[in-house]
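Chain IDs A, B, C and D follow the sequence of writing; residue 1 opens each chain.
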Amino acid sequence: MEPLIIAGREFYSRLFTGTGKFSSTEMMENALLASGSELVTVALKRVEMDNKADDMLRHLSHPRINLLPNTSGVRTAKEAVYAAQLAREALETNWIKLEIHPDPRYLMPDPVETLLAAQELVKLGFVVLPYVHADPVLCKRLEDAGTAAVMPLGAPIGSNKGLKTFDFLEIIIAQSNIPVIVDAGIGSPSHAAQAMEMGASAVLVNTAIAVARNPVQMAAAFKAGVEAGRMAYEAGLPVSSQQAVASSPLIAFLDEA
Amino acid sequence: MEPLIIAGREFYSRLFTGTGKFSSTEMMENALLASGSELVTVALKRVEMDNKADDMLRHLSHPRINLLPNTSGVRTAKEAVYAAQLAREALETNWIKLEIHPDPRYLMPDPVETLLAAQELVKLGFVVLPYVHADPVLCKRLEDAGTAAVMPLGAPIGSNKGLKTFDFLEIIIAQSNIPVIVDAGIGSPSHAAQAMEMGASAVLVNTAIAVARNPVQMAAAFKAGVEAGRMAYEAGLPVSSQQAVASSPLIAFLDEA
Amino acid sequence: MEPLIIAGREFYSRLFTGTGKFSSTEMMENALLASGSELVTVALKRVEMDNKADDMLRHLSHPRINLLPNTSGVRTAKEAVYAAQLAREALETNWIKLEIHPDPRYLMPDPVETLLAAQELVKLGFVVLPYVHADPVLCKRLEDAGTAAVMPLGAPIGSNKGLKTFDFLEIIIAQSNIPVIVDAGIGSPSHAAQAMEMGASAVLVNTAIAVARNPVQMAAAFKAGVEAGRMAYEAGLPVSSQQAVASSPLIAFLDEA
Amino acid sequence: MEPLIIAGREFYSRLFTGTGKFSSTEMMENALLASGSELVTVALKRVEMDNKADDMLRHLSHPRINLLPNTSGVRTAKEAVYAAQLAREALETNWIKLEIHPDPRYLMPDPVETLLAAQELVKLGFVVLPYVHADPVLCKRLEDAGTAAVMPLGAPIGSNKGLKTFDFLEIIIAQSNIPVIVDAGIGSPSHAAQAMEMGASAVLVNTAIAVARNPVQMAAAFKAGVEAGRMAYEAGLPVSSQQAVASSPLIAFLDEA
């Protein structure tokens, strides 16, 4: 499989993960290692920034794992920019997952604040990966603003509903010149595989792994699902057709026997 | 992952495959090996029965591969029973994939002839795996008749449309005491993973592998998809929910900073 | 709209209804009148056969309403034939809705017993309307056996899930020479309209009307939905397309102002 | 059915229509009259503004029909505001359907420019109905900006694909205090009925009527579909359930005979 390149960095895993909802940091560490993930989002809130021995960070300290701090919890572009700056200082990375969701119930991202923040953060030298609704025009404007990727949602965060935005993801992927990472809503390996099959560059999964009965095995399942989807995409999936086409010969062999 | 047991035989791969539509028997062999499949259907028509050096059979001669002759091409129970007997003699196996589809256009299986043939073949000592519509009552009656598994369809053969019978497969799986193998319509690894996630015992894939631009890589993709789905099933998939649930903490850390 | 003809009888309404689950026989009567339905199924069990003044029958006694007794409750072809004969005597009609569902949980019809019973009932002079799974081959065999129509299910009875068998209904409609009436699972007028748009001859609705907060208005809603779908079918629905096509002119008028 | 109130004006029809793609202005007039529509969008481009005897406008001159000029063709907020002002002068209405789609291929609306234009137009005294992606946060912000309604899309314009944004329309409707009008993608009466059943205030349909083989009958079909869906919504639709629930009694009457 081809590596994925974001802002010049190569990734050999197309499964990005998060750190929320795990029952323990040990469980989190084991699941993330099983996932093979090379990019892991962390909420700044979870990190004790002045504590170098922070428990969560310690469990994320692996050569292959890159941290992607996110701005979860902010409600405006201004707050997002401030949060990103704090994160850069604390975690020593200029990568930032930009997420601005003013509504505490559905956690849907705000398109206007997100674009504003993205424009500002790009100017400030950040590598910006914005979490957005599956809005083709917004994704194009973010690309124009210089973001390193776009992260459209498949369904509401934590809903595990899959690719409810399928028709719009298709358009986004077709017209994007930067990586498209499907984020939110992916509840099973089949969802992840479907996103990869349609040409997404990567997926981000958190809830479905963290709350599984066996998070480590679920992480391995998602790893396999993402690889399955990507391999199929590269191998050339056939299109679906309306009519049946036999795999086996239909002429009754009995007549010919 | 747990092995799958059918009629006392253990399978470590839950991806069954077919032999139709490949561009060459060499390509077929390489793809089947990449798939890891341990059960491969062959149409009797394709086998030159009195030719021990038959090209197709030679390419299927691997320790791990078991042959599953099918009755494709027959239109009635009587023809199916005759075909099964020929296959048993020619291929030296009492396993038979029973498929009776009188209609050459949509290739849908005939429920009445299939049940009749299954009853007869079980009496004759066959291990019967019938290909059927995703009809919960029919599947239960086939189980009562002593078939070793049921093979309900996901969508018309060769359509690559996926699990269009989802709601009925759920019922079939819930009430079955024998393995349920989803056959027909599976067009991508995500479809295969979905079938496994919902608790299917295995899937049979042919067209989507055979007609891919790169059949060997596609076979590997399906192998990964099936394993992903099965691992997820065993690891305990979370249910989908209506409302968003944050993976990351929402309380604005800025207020607390 | 064209009338629907079944066994030589003309229907001006394509909404068939049932009599179960209403809170009272008065409510049932008012809802059925609001529905405009001309064919109403009754379970023999509900009718006190030796009581000419039976409450339910009295409320169904309207010039426009034809009764369609059903065999609900039977488990075999033999029981169905006996039930049909009782119904013919009691209700003075040779029309029979044939339904055989041995399983009390999912109420799915038995394909084999249904075909057997249909063959026998046709010989006995009945006008047979069999309730079946959306199985294209079975529907064709019932047509060959001389049934007056076929009644494939959209989803499990009472589930209100809509046309979960869409892909198979399409095939059934395409190849049928007798009316196709979608029965079971239709939970809202949009489902009914969808069935009509795809070319179904009629739909049968019971639960969704009977258990609505306002069954009379819901009956009127289904009447409108069925008419909407049928009108659209006759008016020639456009196909859906992948790409956007503007309804409004796109050339910026400002440039030309 | 309850009337719909937008900006103090009462509507008795919940089917809004457009004027594009009809084969002639006579056909358009007849179809719009058959639709019962009281609000009809017109692209400014189509109107010869200094010609009082403009052919299109003459055919829209009916007491029941209110004109809703749209800004189709503009690409920025600034252009939209200018277009709205021209429309107000030309058509003597302060109602405006705000649509800004910079991309000529998929015609998706721009969220940022749309919010900017809406804020400005509200200040200028317009009754603003913005066409937007089914983005819950954007819809809420438009409501906060004082728009009279929101018009989220169901699918790409002219695609006839139906409610591909279903999960997001549900959220938008649940949290909106202003009318929600589903616009774009509605290709059949069943789609329109579904939108109304889920609680949409109205739908806007153009392409599916205009390009039908018989636009007048299709307009009547959509009228019926919208009324069916609205009646069902008001009558209280039952929820769908996983398991079958019999409409007819199941206890075998034969045992009791």
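The definition used in the following text is that a contact is a pair of C-beta atoms (placed from the backbone, for glycine too) under 8 Å apart; a residue touches a chain by one contact, two chains touch by 3 or more.
Please read all numbers here as calculations on a predicted model, not as lab measurements.
Colleague: Note whether the interface between subunit B and subunit C is symmetric in residue numbering, meaning over half of all numbers used appear on both sides, and answer same or different.
Modeller: The interface of subunit B with subunit C is built from mostly shared positions.
Colleague: Nearest 5 degrees, what's the C-alpha rotation angle taking subunit A to subunit B?
Modeller: 180
Colleague: Counting only C-alpha atoms to place each centre, which chain is farthest from subunit A?
Modeller: Taking each chain's C-alpha mean as its centre, the farthest from subunit A is C.
Colleague: Report the inter-chain centroid distance for subunit C and subunit D in whole angstrom, where each centroid is the mean of the CA atoms.
Modeller: Computed value for the inter-centroid distance: 32 Å.
Colleague: Could you give the separation in Å between the centres of subunit A and subunit C, each centre being the mean of its C-alpha atoms?
Modeller: Taking the mean C-alpha position of each chain, the two centres sit 45 Å apart.
Colleague: Would you give the residues of subunit B that are in contact with at least 2 other chains, written as numbers and ranges?
Modeller: In subunit B, 105-106, 108, 156, 161 touch at least two other chains.
Colleague: Classify the chain contact graph as line, ring, star, complete or other.
Modeller: Graph shape, chains as nodes and touching pairs as edges: a ring.
Colleague: Which of the chains touch, listed as pairs?
Modeller: A-B, A-D, B-C, C-D
Colleague: Which residues of subunit B touch subunit C in their complex?
Modeller: By the definition above, subunit B touches subunit C via 101-103, 105-106, 108-112, 115, 133, 135-138, 140-141, 155-156, 161, 164-168, 171, 175.
Colleague: Can you tell me which positions in subunit A touch subunit B when the two form their complex?
Modeller: It comes out as residues 18, 20-21, 41, 43-46, 70, 72-75, 79, 82-83, 86, 99, 104-108, 156-162, 187-191, 193-194, 197, 206-208, 210-215, 217-218, 220-225, 227-229, 231-232, 234-254, 257.
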